[in-house]
Structure formats: structure tokens, C-alpha cells
């Protein structure tokens, strides 16, 4: 019989890794995988419409989907590899983390001579028009906002001080931009336009492997902001058993290592062994680094970010 | 198919408040050649376009071959048409323009080639096969438009001033060719022209239009010799009008007293009532001018005010003593009469026509 | 400004391999009315367009008002122009079309309004001010084109068949109006027409063109009575040609032996050498037809093969016994000669012209 | 009348500066595509690696194929729908014409993101969630207003007597359309088809939502690629496309030129 | 009349009904729903999404009015750039014409996504544009183009221009050359002949191009997304963000409804103006 499993993925290298490892799964289970390629929001929309079985998601999407009741519970009996997950890689009975990257503080070694130790560096006046961050509705920037709120006497429930700091940053003229397209940030570091800024580890690797030697990175003392890939099974999955099998496969050390070495997304299972000679080992958020991830309450962020953005816009523009 | 006639029954076309064609009726019998003649803007083109189906009539009925075609699409009417503004397809060569209709009829290639060559020869355009319309002179374009219609050998042919841009010599030739073709093929033909000579020489009958209405439908000779209205008399050929009142009428002889008091004698076919206001019509070529005193019936005196030379003819304008201007044409002349000369004007009673004076009726 | 003349000196226009205008020279003096007359496609429009500056000449020189304008842009030439295909601006109303040139000259509003009204009245278009060109009949559009040029009161006016789409009556009126306007304003006028009657009646001189070349430049009477070539004779008016050889020439009297052996006598002004091959020209209106035997000079016999009625004239085609076809026109007639009748053809020696036979020279 | 006067020189100047403006970034893209290290100017070397990578990527090649087929099909469908409407709009005046005009523009007024999302949801609801139909319909409907506008503009300058002449010699409406109307408005039609094709070729939001798994058009593939992988492969791909179309232009010109020679 | 028009219009109208009107019903309905906890959609009947936008001056000024202004500005510049090009191309033929056409279309053919490469190289702080301008002494400090509204406008112009060239070309080409000659003859120089004859007669094409490009600009999201930054609150981008990044479909739907209405009003205005000025005179009725 014709077995097909619909799995969402982002395009490009993520899909490439997926495809490379999926071949084995397809053969073993005699089931073809149909890749549903798209940007993160598409994944959610397609899930809403019941067009997918296994959803590779951002955590934000997973949370929204949970609230809408889109997912089915992940059954550890059918997904034995769940047992190997780090405890904080299990978000809920519906959502687990497939892999994790983080946003580090990248800097140009030629122009930033002392290694920055804190995210506050971004505000320093000497970096006028030299700083890049993600767009203000992206998770790392939202996290930075909450972080700043906490550092300035606020909290996630009183984010005003954080917003003020962000507005200050915007108005300071330090920012080259707050960007939506990650790859542009890479090129800004490459050309030397950007001296300091957030960068996902995956992008950092790209820079390094291109032979860019004057850009380095640091994980500031406050911690870094995680980039989480979560995974869900749709409640109306056509073949739940096969979906569970695939999730199990994603959590296998083989696939975990593949994503780590190819895309720099660190494993979320304890039993994945990264080769010691792996060139970019430092870039991976391994074992204990997990604990240092700055992960404010995602649900609160989700619920409030629209309001925050609007406030920030007003603060920054007036 | 045996009855290739056209009937136009009370057809009307309004553009907003303005009536371009007003309740026009006439018909063209099988194989007949009828001309639509009238002044600029009188509705000739509009009438023709309604028959061809390009303009929707506001009212009235059209029959072609006995069939009501008032609402038939143009391509179903099977009528040849020559456009006043040529309407040559700009993307096709001369040959392609002419061949298009034949191709639609799925004729074979050799047949088409021959017919195209024939039509182009008839219109004097051999050698221009591969030109595009914009590379042709005005007259050449007009001939292509004609060739395009003729190549289809239509049984019913409508033409809108197809020779207006041709020189006289070519026009005379084309006129002959057309007439001969029409006679040979027994084409039912409706011909719009503003050229009375063309209308008179080619037609079996002529429809005179004025301001959207039909003034008279008659055979050429009848039209010229017995115009129904002053408009027709004036429009078909040149006419002198002299207004007067009938003072005596006995048998065929009638006496008219002109405004100036002078008397004119006329021979009429229809009886005329005594005392009717009439206009006496005199064709210029019927006027004889003498530079010496003359005697007899219908002699008026006057002075030549203008002499125009047209090669084959001399046209004089004479101011009669009554003040009226009278035109006289002289053919086959050997001497000029100088402008300013005093002249005696003679018109024989047989050449005087009387029509009721509709101006103040 | 006192010298509003046009000189055309050896102007030539080639389109690829084809020469549309070939080394044409003539001139139009100040206030003169000159017509360009010739068959369709002979290069009239092209010549005019070169003078106006729309077409670049391939060679030759153009002077207007004594100044070399060969490479001047059209708007600097200050010439009125009436287009053969009207070229009305479709987005402007009739009044706007006419007013456009005046507006460019920065005239004040009242002045413009008056001039527009005047030009429209002259062309019989009052009441059509607010129509768009596509809402007009062919003839009306042509008159707008004329009004547009006249409103500017140009000192030099070029017109390309400006009356071709008008009915005869209107044409005659417009012709008069134009001529009168031209005379009053002393406009230097070059007038393209295919209508010989128009050319002859309006012009001071006529330029006859054929196949891109000038055949003759002459005053109308000269042209008609003394055509330089067979082409001119044939094109200007209708002519009968009879070929022969001069057998005796004494003073003004010449005897020509026709191909058929018959002798014709002619009176000539220029001396003719004995034995020259000539063509005798006879204008149809100079031919007298008799149905009874006649005697005297220049009598030929034949048979009427066609009788055409044109209202004011009857045209007969007579097959002479020699086989030649001879045309005769009769004006002021009272009876027809039936087709098939035997006739005697008389031509007086004064009405016979001789031209060298260039066909086999 | 090609004389050298100020206005024609100015026109030429403006045109050529505009051309420079239009191709400047393309030229830069070309340089980027042969530069071993992207974004660093002046170039620090020459490489065809990016081209090699672009042309050995099955994803891109397939994406290109999909976009090509999709673009052609969508352009044809859109124009087929638009042409009759354009004829009605250009030829006749009828009550409510302004409204119809606007209605025909609606796909242009709605943000593409929303339109495609709505279309996607709609198709899923009516049971055509996957397959090619939604993708094709989405593209065609989105580009239709462009076709309507351009064709209407074309037809406004069209002399209706050309059509009358064709109808008169016996061509039906359809035949007249193909033999006379379309050839006469050729430039407009080609503009419209080209524009429609290009719009479809470049479309991203509609394809993202409506493309079935194995039919991903090029822009989606490209976007997914550069979102995570920022190298000059995309630039190389773009450069190849420019070169290809340039070659096609020359070839078409030669062929068309040849035809003209053969004809005369 | 309707007998002749309906068959002509019905295919397009039917397609629009099926594939625009019906789907838009859903959008309209969604605009009254609610986003709960910033995450999931709850069926509701609330005007909240509309009032949130329409009662907030910040949105009205910085999003709606801002988008209209930018779209108008970019469209106007595109027209100014495109017109001479179309005029020039209309006069050429053969290879020259094909090459010019290819160059004009090239930006469209390549697509925005890849072109951004080139633009970054040109626009960035020490990029070609700044180097050139500083060398030409237009200004002496690098100016920001990338991630700035200047860059957005330049790119919108860059993309809009070819569309206008294309739609103008046909209208210009079909102008009967005699009409220009007639104008020159009554004393119009090239410039006047252009303004009084060529320009009015090209308005159908110009209008087509205007409407297309204005709508494209007004709804633009890809350009502001890639070239702009958070300050570039073009409404198209806001909708995109709300719908796809914030999952706020109800708000995005409401914004879409507002945007469609505004755009429709603007286009109606433009068409009324164009119709009044010229189009109605060119309509081919006999």
C-alpha cells in the first residue's frame, strides 16, 4: 500500500539534512516522506488545515498549536527515544524539542578589541551604526527585551524598563538595522559593516567556514537566547504510528548528530555523541550549556508580544 | 440564392439627440446597381454600415435576399463591403489583405493566388503584393480595399466612396471596370458616393439622401430631368432657380411670371394650377448666351460677372437685370465672352422645368 | 515676409529601391495658386510632405520664402498643411482641433474663439464644435482638417486633396470659398489633387506629375489646349489619339495620314517636319456626330458602340472604320443616338492638336 | 527624422541612464556570482563554483522548470480570461462600468499574503487542498488584473473598422480575434503576456501557500535557500537566467529577422 | 447591450467570484474573530481588530498614511523614469529594441530575492552608492540606504519602472505619426507636440501602469521586509508580520479589509480623474 508521511520543514540546509537522513527511514518503514516546505508560519497554517502529519515547528508555533488543540500527545511507549531527552527539552506532553541552537554575541575582532562580556555592549556609543539585531518581533530580540527588563528592575510581567532600553538602542543610532533576513546579517559581518550583534550559531558557522577569520563570538554572562526546533504530531495524522516512528527517528542519536554536525543544532538527547574533532564543537550548546540558555516564559511572550511591539514602536518613533 | 436583393424598410439611427438616419426606405433589386448620393454628413455611410451590420439600427427592418438580417452578425450576412477609410489590416501585406477572405472560405492555394492576382490586376496594383498598407499612397490603399472586396466575388456588394481618392483618369477606368464586373457577375450593388457623375453614369437607380432622409429614388435620367425637389435639382448637376407664379396654363404650355416681372414659357408634362408659386429650373448647359441682341421666347438680359475655364467647358455667371445670378455652361467653344460683357440669355421652353416652391409653402 | 514663395529644386525621395519622387523641380510664386496633379501613387503626397518637413528628402533642395528649409524641423517652417487622411487629434473636439495652433501662438481667448467660429463657418461646420472626430462623417472630418489649417491664416498653405471626400455641391462651394480666401489673403498655395477639374479651375499654374517625375508645368488653358506629352493630354481631360505621319506641311496647315490611310487636316502653331510620326489629339467635346452623311474636312465614319448618360452630357464611344475607338461628348442635346447607329464624325482642323509620337521614338 | 537635436539627445541620455540604473545591480550580481567571496568588492578572484553549484542543484533546476511551466500556463489563462473583459471595457459604455472596472482589479488590491492564504484555506475547504489546480488558479487570478489593464489600454487605440472589415469578409468573432485583433494589438498582448509571466515567475507568497509538495516554484526554493544559506549560488542562478534570456532575445531577433527577409 | 457584454465579462467575473470573492468571505469573517493569549484564534464577533487600528493615530499616521505616501512617491518617480524610456524604445526596432526590452525586463526576470545581493553591495555603508556619491561630492558622510526608507523607495522605483515602461509602450507605439506631424505643422515644437498629443494619447497605457504599480507599491511587503527595517511600517509588511509572524490572522484580516477599501478608493479616484480628463474621449465607440 502507498504510505506517505507529510513532514514540515524549512527549506535549504535544514531540508537537505532532513532528506539525507530520511532515506534510511523511508527504506526501513517502506514509507515515503513528503516534505512540506515553507516558512515557520506556513507550518502552523498547514497544520490548522490538517495538511500535515509531523510538524517541525518553532516553539512559538507549537504553543499556539497546543492552545488550538492541534497536536496529539506524544506517547513515550511509541517513541522510546523520548527517554533520552534532557528534562528541559520536554516542553509539554505534546511538544518536545528536536534540537536547539542559540543566538550568540558575534563581534569583529579587529574593531572590538576587548572581548565583550555582556549584551549591554550593544548600547555602547562607540558602536554607532555598527550593531545588528534581529527584527523586534523575533524571539531573540523579544528575549533580549525581557532580559533588559529584568536587569533594570522589571520582569516579564513588567516589561516597561526593557522596552525603554530597546527604544534607547533604536534611537541611539547604533543599529544598522533590526533585520528579518538572517543571511543579510551574515554578510554585514563579512563585509565588516557590522562590528557587534546577535547571530544564530548556524550563521556563525557559515561565516567561519567561509574563511572569515576576524569575526568571533561569545556567550555573554546573562546567557544566550535559544533557537528551538520543536516537533509535534498532528491530531489527525493519517498514520499516527508512522508519525510516532518518525519522531522517534528524529530523536535517535544518528539524526541528532547529523543536525548537530551539519547545521549546528545541538542534540536534545543525552546519548548523542558529537565527535571530539568536530571543528565547530564550541558553537554547539552542549550538555551544561543547556542550563545557561535564557528562556523566559514563552507563553507570556506569545501572549504579550503584539502589545510590546506596539509600545516599542511608539517609544522608538516619538 | 436566386434573389440577391436588399430591402431597407424605415431604418433609423440615432446618436443621442441627433438622428443620423431617419426612417429611410429603399430597395436594391437583384443585379441592380443603386447609388446612395447625398451631401457630406447626410447619413450615407451610416445607412451602409447598418446594412452591413456594423451599426445597430435604432429602428426599422433590413432584408437581404428576402431574409430579415436586422440583427444578424456581420459575418453571416455575406455582403461585400468597401470601407470609406479603407480599414486595411495594418499587419498584413496587400496580398494577405486580399487573400484573407478567401482563406476563410478554405479555398485551395492556387485558387487563392489566382484570385488575388486577378483582383490586384483589376485595381492596377500588380507589383504591390508585398507592400504593407502604410507603404502605399492614399489612392493605392483605396484600391486595395476595393480589391479585397472584389476578390470574394460577392453577390451583394456595398461600397462606400470606393473611388474618392483616385485621379479622374483612374477613376474613369475603375468605374468602367467595376460597372462591367458588376454587369457580368450580376452583382447586386449599393454604392455610396458624393460624386453625382459617378452615381448618374453607373447606376440603374439613385437614392438621393439629405439630412438623414430620402429625397428621391429614381433612375438617373429621371433624376436629372425631373427632380422631385429643389434639393435634388440643385444637388444633381448645377441648376439655376428662378422663382415665379403661374399666370397661364394651357395644355403643355405654361407661363410663369418672374419676380422681376418678366415672363417665361415652359412646356410641362404634369398639369400646373394657375397661381401656384413655382421655381423654374434651368440647367446651365441649356442656356445659350449671345453677345448680340436676340429675339424669341424666354430671352433675359444680363451681364457676365465671372468666366471660369474648365478645359472642356466654360462656365459663365451672369447677373440678370433682375439681380438673379444665372449660370451658363458652354462646351465646344471657340471664343471667350469677357467678364463684364452684356449678354442675351436664351432658354428654350422645352428645357424649363417647374417645381412647386416648397420654401415658403 | 514679403516673399512667400516656395522653390522645389531637384527634390528626390527614395524608399529602398523604389523612387517615389524623382528629381522634381518647380516653384510657387508669392500669392500664386499652384496645383500638383497626377495619377494615384505618382508622388504628390510625398512631395508635399517633404516641403512641410515630415519626410526627409533623399536629395535636392527646398526653399520657402527664399530660405533653405531642407533640414528645418516642421514647426519652424510656418506652413499651413491639410492632411490627405485628415490626421485629426482624436482626443480633442472639433473646436479644440481648430484652436490648437492658435493657442500655441498665444492668442487671447476671444480672438481664438472668433477665429475658430469663422473657420468652422467657412467649412460649414458650425454646430459641430463639441463633437469628437470619431463622431463625424468622412466629409465632415475632412472639413475640420481644412478648418484647422485655415484658422491660422497661413501665408503659405499646402493642401493634400482637401476636398476629396466632399460631395460635388459642397466641393464646388468650398472650392470657391478657398479660392476667394486665397485671393483675398494672397496665400501662396500648393494644392494636391487628383481632380483635374479642381486643378484647372482653381490654379494659376498646374504641375503635372507622373511616376515621381514632372511632366509639364503650365497654366490651365495651356495645359488643356497644348499638352506637352501624350500623358498630359490624356490625363487632363479626355482625349482621343489617332496615330499618323505628316505628309504635307504648309504654313499653319498640316496634313496627317492616319494608319487607316485617311487624311486629317490640322492647324498648328509650331512648324512640323514632313514625315514625322505624330499623334493627333481630338478632345471629345470638339467632335461632332451626325447621323446623316456629311461632307467637308476631317470626316471619319464609324458606329456608336456605347452611349453614356451623365445628366449634363452624353458621351458616345464610336468605333471608327479603322477600328480605333473615338469618344465624343455632346452637351445641350435633345435626342440620343442609339447604340449601333452609323455616324459621321466631324472635327474642325482648328481643334486638332499634333504631338510627336514618343511611343516609338 | 533622426536628427541630432537637443530633445532627442536628452531622450537618449535619460534612456541610457535608466538602463544603467536598471542593470547596475544586475551587473553587481554578476560580479558577485563569479567572486569567490561574495559581497566583497573589488572582486578578489574568479570562480565558476557558484554556477556549478547552481546548475547541479536538482532542486533549483526542478524549481525553474516548475516556474516556467506555471508562468506560461498562468499567463495564458489570465490573458484568456482578461481579453474578453478588456474588449467589453474598451469598446462599450454600459452602466456600472466603473464598478466592473474596480471589481476586475480586486486581486490586485488585496495583499498577496492574505489573498493566497484565503485561497489556500478555500481550496482545502472545497476539497482541492493539494494538487496543481490551486497553485495555477492562484497565479492566474492574481495576475489577471494586469492583463485586463494592459489589454484594455491596447484596445482603446484600436480602430474598430479593422474588425468590421474582417467580420464582413466572413470571419466570425473568434477568427476575427485571432487573425486581426490580436495581431494588431500585438505589442500590447506581448507586454501583457510577458508581464503576467514575470509576475508569476517571481511570485513568492502565493506559491508558498499553494504549491503542492513536489511542485515548488523557483522563488520559494530560492528564498528557503538564502534564508539559511547565504552564498552566491542564488546570484549565479540569477546571472544564468539573465544570460539565457539575452541569448533568447538575440535568437528570436535573428529568427524574426530571417522571416522578414524570407518574406520580402 | 447587456446581451453583448455579459458573455464577454462573465468568464473573468466568474473566476473572480469563485477564487476571490468566496475566499475573501473567509477573510472578512476572520476579521471579526479574536486572537486569544497572542496565540490562538477564537471565533467571535468583535470590532476590536478594526478599532485597534482605526482609533490609534499612531497606526493611521505611521502605517496607513505612510504607505500611501511612499507608494505615491515611488509610483511618481517610476513614471518619470519610465516615460522617456518608453518613448525611446517606441522609436527603435530590431535588435536595438530587443536589447532595450531585455534590459528593461531584466530586473523583473531575476526577481527581488536574488537582486537584493546586488543592492546590498551597492547600498551598504561603505558600498558603491556611498563611495560614488562621496566621490562626486554630493555629500561627504555615508548615507544609509539599506534598512532604511530611502532604499525601500529606490527599490520600489526600480521594480515599478519596468511595469510602467511595458504598459506605456503599446499606447505610445500605436499613436498615428500623422497626428504628431499635424501638431508640428501648426507650430508645436517637439516638446509641445509631446505634451499636447503624444502624452494625452498615451494615457490609457499610463493609467494602466499607474494603477498596477501603485497597487504593487501600496501592498509591497517583500521590499520593506528585505530592505527596510522595523521602522518601515508599510501596511503590506505589517499585514505579513501580523499574519505570519504573530499568528494574528484576525487583525491581519481586518487590516486587509481596510487596505483593500483604501486602495479601491484611491483607484476609483484615479480612474474618475483619468476618465474625466481623457479616457472617456478615447473610448472607441461608433
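Residue numbering begins at 1 within each chain, and the chains themselves are lettered A, B, C, D and E in the order written.
The rule we apply is simple: a contact is a pair of C-beta atoms (placed from the backbone, for glycine too) under 8 Å apart; a residue touches a chain by one contact, two chains touch by 3 or more.
Keep in mind that this is a model prediction, so the values were computed, not measured.
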| item | value |
| --- | --- |
| If a chain touches chain A and chain D alike, it appears here | E |
| Higher-contact pair (C-beta pairs counted), C-E versus D-E | D-E |
| Centroid comparison with chain B (C-alpha atoms), farthest chain | A |
| Intercentroid distance (Cα basis), chain D paired with chain B, Å | 55 |
| Centre-to-centre distance between chain E and chain D (centres being mean Cα positions), rounded to whole Å | 15 |
| Chain A-chain E separation of Cα centroids, rounded to whole Å | 35 |
| Shared interface positions of chain C, touching two or more other chains | 54, 73, 85 |
| Sequence positions of chain E contacting 2 or more other chains | 120, 190, 201, 243-244, 282, 284-286 |
| Touching two or more other chains - residues of chain A | 39, 42, 181, 184, 187, 191 |
| In the complex with chain E, residue positions of chain A that touch it | 39-42, 44, 60-61, 63-64, 67-68, 129, 135-138, 170, 175-181, 184, 187-188, 191-193, 299, 302-306, 310, 313-314, 316-317 |
| Of chain A, residues touching chain D in the complex | 6, 10-15, 34-39, 42, 45, 49-51, 181-184, 186-187, 190-191, 202-203, 206, 210-211 |
| Residues of chain E touching chain C in the complex | 176, 178-179, 181-190, 192-193, 196-197, 200-201, 278, 281-282, 284-286 |
| Chain B contact footprint on chain D (complex, rising order) | 159, 161-162, 164-173, 175-176, 179-180, 183-184, 186, 263-264 |
| Complex interface listing, chain B residues touching chain D | 49, 52-54, 73-75, 77-81, 83, 85, 87-93, 100-101, 104-105, 130, 148-149, 152 |
